[in-house]
Each structure stands twice: as C-alpha cells, then as structure tokens.
C-alpha cells in the first residue's frame, strides 16, 4: 500500500507544493531580473579598460556562473534516480538538461559578443572558460539526444542518469585539461584576461543581483518544466484527471 | 545431500505480490507463485500478456517491478551470485554467436557456470543431433539448429533452475521430443523449470500452470 | 542457505572470476579473428583518414610536422569510435549479452575483459601503425617514442570511455551519430594530454609529467569505466 503512496504520492506532493511556491518565485524573479538587467545594461559605469562592454559582462558572468551548476544538479538527480529509483528526480533532470543547454548556449553567445569587442574576434580558442563551456554544451546536447532516442521512459531515465554522472565527472576533467592546454599555448596577455576585471561595488552588486535572478529563473523554469512532465507522465492517475475536470 | 533436505520442504523460488507496468499498461498485479524442487511451472497467456517480462524479472534482467522474489526463502537481490550460479536462462535470442562454431559458443557460455571439457560439449551436441556441425560457424546452421546449440547448455550446465522462454518455437518434431526428455530428466533429478510455451508439456510429475491473462487487468 | 550448500551449488566445477575473465577475453578475441575483414577495417580507416589531411591541407612538410600529432590523435579517435560497435552489439543482438549478465561472475571484470579484447583488436594495431603514419606526416624523429607511449596509454582510455557510450546506446536501432556525440566530447582531455606531450617533446621540454597524467587518466578510467559500462548494460537490456 505504501509503495503506491510513494509512487504516486510524491509527484502530486511536488505538484501541489510547487503550485504554492511558483507565484512567489515568479514575483521574486521578476523583481530581481528587472532590477538586474536594467542596472546592468543601463547604469553600470564604463570600465576604464573595457568601456561600456563591461555591461554585457555582468549578464555574461551571471549566466555563466549559473551554467556551471547544471551538470552537478543532473548528476545528483541521476544518483537519486539510479539508487532510489525515484521518478521525480528524473522529471527534474529532464527539465534541467534542456535548460542547461540553453544556458550554456547563452553563455557562449554573450561571451562571444563580449569577445567581439574586447578581442576583436567572436571566437577565441585560447579562452579556456568559453572553450570548456563549448564542450559542456556538447555533453548536455548528448544527454538530451540520448533521452529522445530511447523510447522506453524507464530506460531513458536511467541511461540519462548514468550519462549525467559520467558527464559531470568528465566536465570537471575537461575544464582542468583545457586550462592546462591553454597555459601551454601561451595566449597573448591581452586575451588571457578573459572575464576581465569585475572590481568595485558598482560591478559586483548588479552581478550578484543578476546571479540571484538567474537562479530564481532556473528554479521557476525547472519547476514549470517538471510540473509539465508530471502532468504528462501521471496523466492516467486519478488526481491529474480530477485536476483536468476542475479546469 | 542438501537437495534431499530441501526436497518439498521449502520452495526453491517464490514470488510475492509482483506488480509490473510497462508503457502505462499493467501487465500483472499482486502475482504470487511458488516453485519447488522437481516442479515445472508453465506460464501461459496471450501475446503481450507479460510472460517474457515475468521471466526476465525473475532472472534480474528487468528490474522495474514491485514485489518480492526469494530464492530458498531469502530475498534474491541479496544473493545474486549464488542465484546466478544455479540459474540457466534461455531467451528469445538464444545466445549463439554466428561467427563462432557450436563448440566455441558452448565452451564460453558453459564456462561461465563451471569448467567444461570438450568431450562433454561434443557429446551434448551429438545427443542433440548436431554431430558433424561442431566446428562449422553457426551462421551456416538453421534457426532450429542454433536453438539446439543453445539447448545443449541444458545438458552441460549444473544449474538447478531452468528459465526457458518459448523454447519449442523453432524446433522440429524431433527436437520437441528431445527437449521434453531433457525437461523430464531434469525434473526427475530434482531440478525445476520455469517455462513459457503454448506447447502441451508431457512431463510426468509436478506441473503447475500460471495464467497471466487472469491477473491484474483492470 | 548455509555456506556448505553454497559450496555444493557452486560445486567443484565452479570456476574463478579470473578464469571467467580469461574465457570471455578468449572468446571475444576469437570472434574478432574469425571475422578477419572487420579486424582490418579500423586500421585501414585510420590510414585513409590520416592520408586525407596532407591532401586537404598542404603537402608542405613544415606544416605537416606542426599538425602531425593532432591528425594522428583525431584519426585514432575516429577509428576507435567506428570500431566500438563491435564491442557489445552482436552480443546484444544474438542474446549472448544476457548470458553475460546472468553469469555468476562480477560484470565488472566481464566488461573489462571485453574492453581489453576490443583494445587489443582495434587500439593496439593503431599504435603499431602510427610510426609509419608519423613518418608520412613528417613527424620529427625525437617525437616518435613519446607519440607511441602516449597512444599506448591513450587508446585504452578511448576503448574504456567508448564502452560506456556503446553500453548506453546498444539497444538503439541507429546509434552511430548519438554514440559519436557522447564519446567525442568526452575524449577531449585525452586528446589534449596526448598532443601536449608530443608538442612538449618537440619543443625540447621534459615529457614525464604529461605521461604521468595520462597514466593517471588510464588508471581512473580503467577502474571506473567498467563499473559504468556494467551499469549501462543492465539498463540497456532492461
């Protein structure tokens, strides 16, 4: 009896809980995002070295910082899926994976926009952070395509869980090896200062606000994605059908 | 001999409250069965009723199910290696590599369960009517002959529990007879068989039936 | 069940995990050697890809010297990738994989045996052919030993990582591209370590550290990858 409860109960519990939290999270995200974006793009003073380019850096740093969290989250969700066979963890992992791919893509885009001004080129291999982000992006895409290739949702869940754990370890190794690779390729000194200087309160405070806004955004997106997934997968269960009837 | 101690006093394999769902369809729910030494359990049911899935669950090849399976009274997941050393599984895909010869195939698959001698394998192949084919690559053999190669494992393996998924499908009348004899011998020696087939088994003693269509359809 | 009963079931006929490892290795090598053409394919592929680079880039020996290691490594990576299908696919299709999963021996060592056999058949020949290709790409003489040693350490890692990818995708009908998408990004650290080592020796710098790092990568991969492959195989046959 309690297995049934465990099985069906926890998605419902998540659905109810996230339903109550979402309005607050969305409100918080809206405030932080508006303040952060307006401050970052309109009011951050020009940097003595980078000029107004530093404004996009505030956005870039926030997105990039958040991007780093995705693989660890997926690895933890994957461990929960494999060890405790909890279906909720996989629904979260699915939502996180596609969001992570978007975040990595935006990190690469903002990074290269910033680079186009600072380096005079849209892509610079000697920047180890962007290079390893590129490979993280590839690995996230591979997790997503593995999931879409496997038909059976149970198999897909566990295969992706395993790949996320392996991928997480790999991303760390890639990060260090790309840095190592760069130090030996002796980049020109102007290029090596990739993310440059974010000094002074007028830089880090809007950056902090943007980081918080980004994490709230991630929380909201993951919750909404997971809720969507719950409704799809639990469509047969009674509470979802009741929900549909209520309209 | 411990097998005498256990004879009919304790169930070799028992399943309690098995529940399995695949692709949003309940295959079976609160399924119970027991299998003692010297017994045959024939699983029956239409196509898609979950016979193969049930067999794979018992073997530990499929693990998205709920319920408990025990081997001599203890949970099976706590004694995998012990269970596997007494298990012989034959699925739809018979486990015969096309490039290798019957002899080479059996040398590997039987060695997983214990050391074997070439003479042992050769006599098993001969007994199943494969004399002369020992060294030809298996892609030259017909489907029924490949099935026989796999059946030769039954003669060599020391396993006490045979789990056979539709073992009669590709066999000719002669092969059916051979397999029936094998089953009868195994059961007489205190072994047990879990088998899915539409075939009417001619085994003298202790045959039970498990009908999957009857359970768990709501 | 008591211990004495355990012994009787395992019996005097029971074999050790080491023997089962050897039997599996022997079987896989036998399968590889009996399918002779397939045995040569990765090697020929390696040769062909490498010879496309001078045609596509330049026959200029100085440029070739510069890119030689990278070309060799990327080609080895692709050749290893294409040969990976042999690792578990036929076993999955003919049911031997199920027998392997149901053997009383630790699946860790069984996958390790299969990976070792894959490397002996498809990785080692690449290493043996590499000096010839290095010569054709105008690799400087002082770099040969480093190249051979790093390939010797790196190609087993490719087989180990590849094994995880194949095990995850073995149940898919068309798995070529998705396998590449999983394996290639993961191979970046090996590519970096391998090319850096050879680059370093060409610059006249010591190379011990690079080789030590590759050795460490191999040790970690050899201990973790069979574990992940075993788990992936269980998931795939589910």
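Each chain gets a letter, A, B and C, in the order it is written, and its residues are counted from 1.
The rule we apply is simple: a residue touches a chain if its C-beta (ideal position, glycine included) is under 8 Å from a C-beta of that chain, and two chains touch if they have at least 3 such contacts.
These figures come from a predicted structure and were not determined experimentally.
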Q. So which chain ends up closest to the centre of the protein, judged by Cα positions averaged per chain?
A. C
**Q.** Chain pair whose interface holds the most contacting C-beta pairs
**A.** B-C
**Q.** Identity of the chain that, by mean CA position, is farthest from chain A
**A.** B
Q: Please compute the C-alpha centroid of chain A, do the same for chain B, then give the distance between them in whole Å.
A: 48
Q) If you average the Cα atoms of chain B and of chain C to get two centres, how far apart are those centres in Å? A) 35
Q | Cα-centroid distance, chain A relative to chain C, in whole angstrom | A | 32
Q. At which residue positions does chain B touch at least two other chains?
A. 64
Q) Out of chain A, which residues touch more than one other chain, so two or more? A) 152, 154
Q. Hey, what residues on chain C touch two or more of the other chains?
A. 238
Q. In their complex, what parts of chain A are in touch with chain B?
A. 3, 85, 152, 154, 236
Q | In the complex, chain B residues that touch chain C | A | 1-2, 59-64, 71-74, 79, 81-82, 84-87, 89, 91-100, 104, 107-109, 111-116, 137, 158, 160
Q: Show which residues of chain B lie in contact with chain A when the two form their complex.
A: 23-24, 64, 66
Q: Using the touch rule from the top, collect the residues of chain C that touch chain B in their complex.
A: 1, 4-6, 8-11, 13-15, 19-20, 23-24, 26-27, 30-31, 34-35, 90-91, 93-96, 98-105, 234, 237-238
Q) For chain C, which residues are in contact with chain A within the complex? A) 164, 168-169, 171-172, 175, 178, 181-182, 184-186, 188-189, 192-193, 196, 199-200, 217, 224, 228, 231-232, 235-236, 238
